[in-house]
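Chains here go by letter, A, B, C and D, matching the order in which they are written, and residues are numbered from 1 within each.
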Amino acid sequence: MLSELKKEVYEQNMRLPELDLVNFTWGNVSQIDREKGLFVIKPSGVDYEELTPEDMVVCDLDGNVVEGTMNPSSDTPTHAYLYRHFKDVGGIVHTHSPWAVSFSQAGKSVAALGTTHADTFYGDVPVARALSEAEITEAYEANTGKVIVETFEKAGLDPMAVPAVLVRQHGPFTWGESASKAVYNAKVLEVSAEMAYHTLQLNPDQERVPQYLLDKHYYRKHGENAYYGQNNPKSKSH
Amino acid sequence: MLSELKKEVYEQNMRLPELDLVNFTWGNVSQIDREKGLFVIKPSGVDYEELTPEDMVVCDLDGNVVEGTMNPSSDTPTHAYLYRHFKDVGGIVHTHSPWAVSFSQAGKSVAALGTTHADTFYGDVPVARALSEAEITEAYEANTGKVIVETFEKAGLDPMAVPAVLVRQHGPFTWGESASKAVYNAKVLEVSAEMAYHTLQLNPDQERVPQYLLDKHYYRKHGENAYYGQNNPKSKSH
Amino acid sequence: MLSELKKEVYEQNMRLPELDLVNFTWGNVSQIDREKGLFVIKPSGVDYEELTPEDMVVCDLDGNVVEGTMNPSSDTPTHAYLYRHFKDVGGIVHTHSPWAVSFSQAGKSVAALGTTHADTFYGDVPVARALSEAEITEAYEANTGKVIVETFEKAGLDPMAVPAVLVRQHGPFTWGESASKAVYNAKVLEVSAEMAYHTLQLNPDQERVPQYLLDKHYYRKHGENAYYGQNNPKSKSH
Amino acid sequence: MLSELKKEVYEQNMRLPELDLVNFTWGNVSQIDREKGLFVIKPSGVDYEELTPEDMVVCDLDGNVVEGTMNPSSDTPTHAYLYRHFKDVGGIVHTHSPWAVSFSQAGKSVAALGTTHADTFYGDVPVARALSEAEITEAYEANTGKVIVETFEKAGLDPMAVPAVLVRQHGPFTWGESASKAVYNAKVLEVSAEMAYHTLQLNPDQERVPQYLLDKHYYRKHGENAYYGQNNPKSKSH
């Protein structure tokens, strides 16, 4: 069942240690088949060197296991919540990558301070509010999804334009059209956070990039006027 | 004698450089056989690339060599002291990993600022008081064990719930049910210290995680209601 | 056409990930054939592991593609502008290396604080002014070249003596007699920026090196009295 | 001539990139044959991957080349000066390792803040005064040796007890009984500087370790009461 998707999710999970985004088992990647309403996710707490494509677990949109002999990631209810509410998301990643975690712990968003950030994130990567005691005690992982969605709705943010969030005192979730894109975004967030940290140490009053630079870099890579790379609408005519 | 244990201790020692926790010979791992009252430890000052399982030294609980042609780690009396007083400890690790050492040198505990920390340490990792001149001049290594135990007793800490300490102006010791778990805890401490450092630079007034988040993450992985991973009591029913 | 030059440009591009200067596709190297008035540059957005020498794109000095089936780097108009105005430049590099980007984002030049810097850069590496909204909206990449040249002209800097610049809120460009030298300079800039950052954290009032130390180190390696290395004018008689 | 020594010096030079102490050609190691009054040093500006044992250059104590087809390191007069004045030194290393350089550029000694430092350096690693314009313009490299020796003499330091120095606005020199020991000391200095930097950021008023801790750690590894490792006087009886 979904053997191609399992293989893809397995491979995207294996990129996390290659990209220096995880220690031990501290990360998970999923990807959804929207037509079937099922997503595939890494099992919980299994060493990356022992993982196989067959270990991947198939879940429905309520986070119930549909196929698989192993327990899915303990973050599965967060993934399910995000797939239910962010309809264009095709893949989701969670890591404890150190720079993004440091901003999560400090309760600070990763500000859009340069083009490295702006090429991928159309504005600051927000930090969600802390969960209440009740939200943590019961249905913690699903409530983590809830505060992420709440963060985007309250700020009027498009999750496909800013495909990442920092969960307070925890760490980053990123997403994208596919698991592959979500992994890419996880690395961009980590690198952008590292650069933002050093920028703010050098110049604590550093302002964000202006809207027109944000527009230029984001739309150079995204949308119908994109001209970066080999496959964008205007790249051949550039 | 204890050849399986020697092999295990050898392998756990070899993980220290793999996990970027040591330079040169600056680390040691031991594991105890509680029934026999003997522990096995790395020899002193031997390069990791020259170590063999047969080089491991067998010691009794007073730190005396029972078997082995090489000198045991100079920190052997610290290990022995901890095994005598922390009855559930099965393995001990000492390193000079740079982030944990920096907190040790600064005299600051590693505060519980996020879930990466809270998944393993049920609260701050404490820093022990400095040893007195008399404690350093005579029986220095055993006294190092003494101040560690004193730190936990004075603060009413369970060493199995917070399986790590920072020795003032020196560096970290970690422990666990086994050498393997102690090595794992040494890496978690190093990563948590790195994140705590950057968090505090971003936000010097950052508060610790609330008790209910500490409870949630710790008990998600430990005890009878644990549901993280494949082998915990509730993980199958999750 | 220009097959030797394509091979060289390919190899210099491949050095960027080897020297830890790029993530993903975030960098590009070009080299010019001044007699033919053509330069060769990396294609846009192609993974380093998929690049081949044949993928390299040949452009004229207006940045038009003369040969090649792929789109050239989106930064091609910047390279073209620099080749038109800096007549002795033979190769150009752009990266998003994290330390240099941090200074770019903070709007601070990389000050000449020691000999590591002074061996390559005869004074501070300047940061260019931010582009205006009009300069960003139209002909952004060519205007990036324009503000770089403006920076050097206004400050009376010789681009061959200080072969690097920080583009505001973006990142570094470096150059040299050849692509190989430009790649070398990109690494020196990154290392110098890392050292400058830590130096300024340790000592915020640290002054620059004196002019005579700048002269000594720069002219030890450059010009007719150079005596560093095996091929400099005076190295044999030293 | 001195073929064994050339092989040893070659191998110790090759350890510098392995230990992450150099970029490009920015480092050099020498070792002396005190009976013959000759030392062997790396040639100037040759890539590490191209070096061979035969490339090593033989010099006398005035820094003149006695054998070898290549130019010796441009720092050769510094090595010669140190060998002439520090009579027990058997090997010397110079690098531009980033943490040690940052302290050199900031004009701050690396304070003895913990046992990692104290195991090797019996007190702070001092920073030498800046050279005057005259000292830089003429005989710069020999004068670098002169200010190093002056630093130790004025402070009454034993160069074998504190086998390292920071040259102002430049970088570290380390030494020892042999090239191998000097390379080891170069790595310890780099690690100690990294830890000192983070310690001082966490706690700017952090005091040095007390004299008795300095004594304990230094004499645990050095001198007739040493008991660390396998070959020290008291290590067998420990």
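Heads up, the rule we're going with is that a residue touches a chain if its C-beta (ideal position, glycine included) is under 8 Å from a C-beta of that chain, and two chains touch if they have at least 3 such contacts.
Note that the coordinates shown come from a computational prediction; the quantities given were computed from them, not determined experimentally.
Following the contact convention of this document, no chain is adjacent to both chain B and chain D.
Counting the residue numbers that touch the partner chain, chain A and chain B have less than half of them in common. Relative to chain B, the chain whose mean Cα position lies farthest away is C. Chain centres here are Cα means. That of chain A falls 46 Å from that of chain D. A separation of 33 Å divides the Cα centre of chain A from that of chain C.
Listed for chain B are residues 201, each touching two or more other chains. Chains touching one another, given as pairs, are A-B, A-C, B-D, C-D. Within the complex formed with chain D, the chain B residues making contact are 23-26, 43-46, 70-71, 74, 96, 98-99, 101-108, 130-131, 133, 136-137, 140, 169-171, 197, 200-201.
Contact residues on chain D toward chain B in their complex (touch as defined above): 113-116, 184, 187, 191, 194-196, 198-199, 201-203, 206, 209-210, 212-213, 216, 220, 227-230, 235-236, 238.
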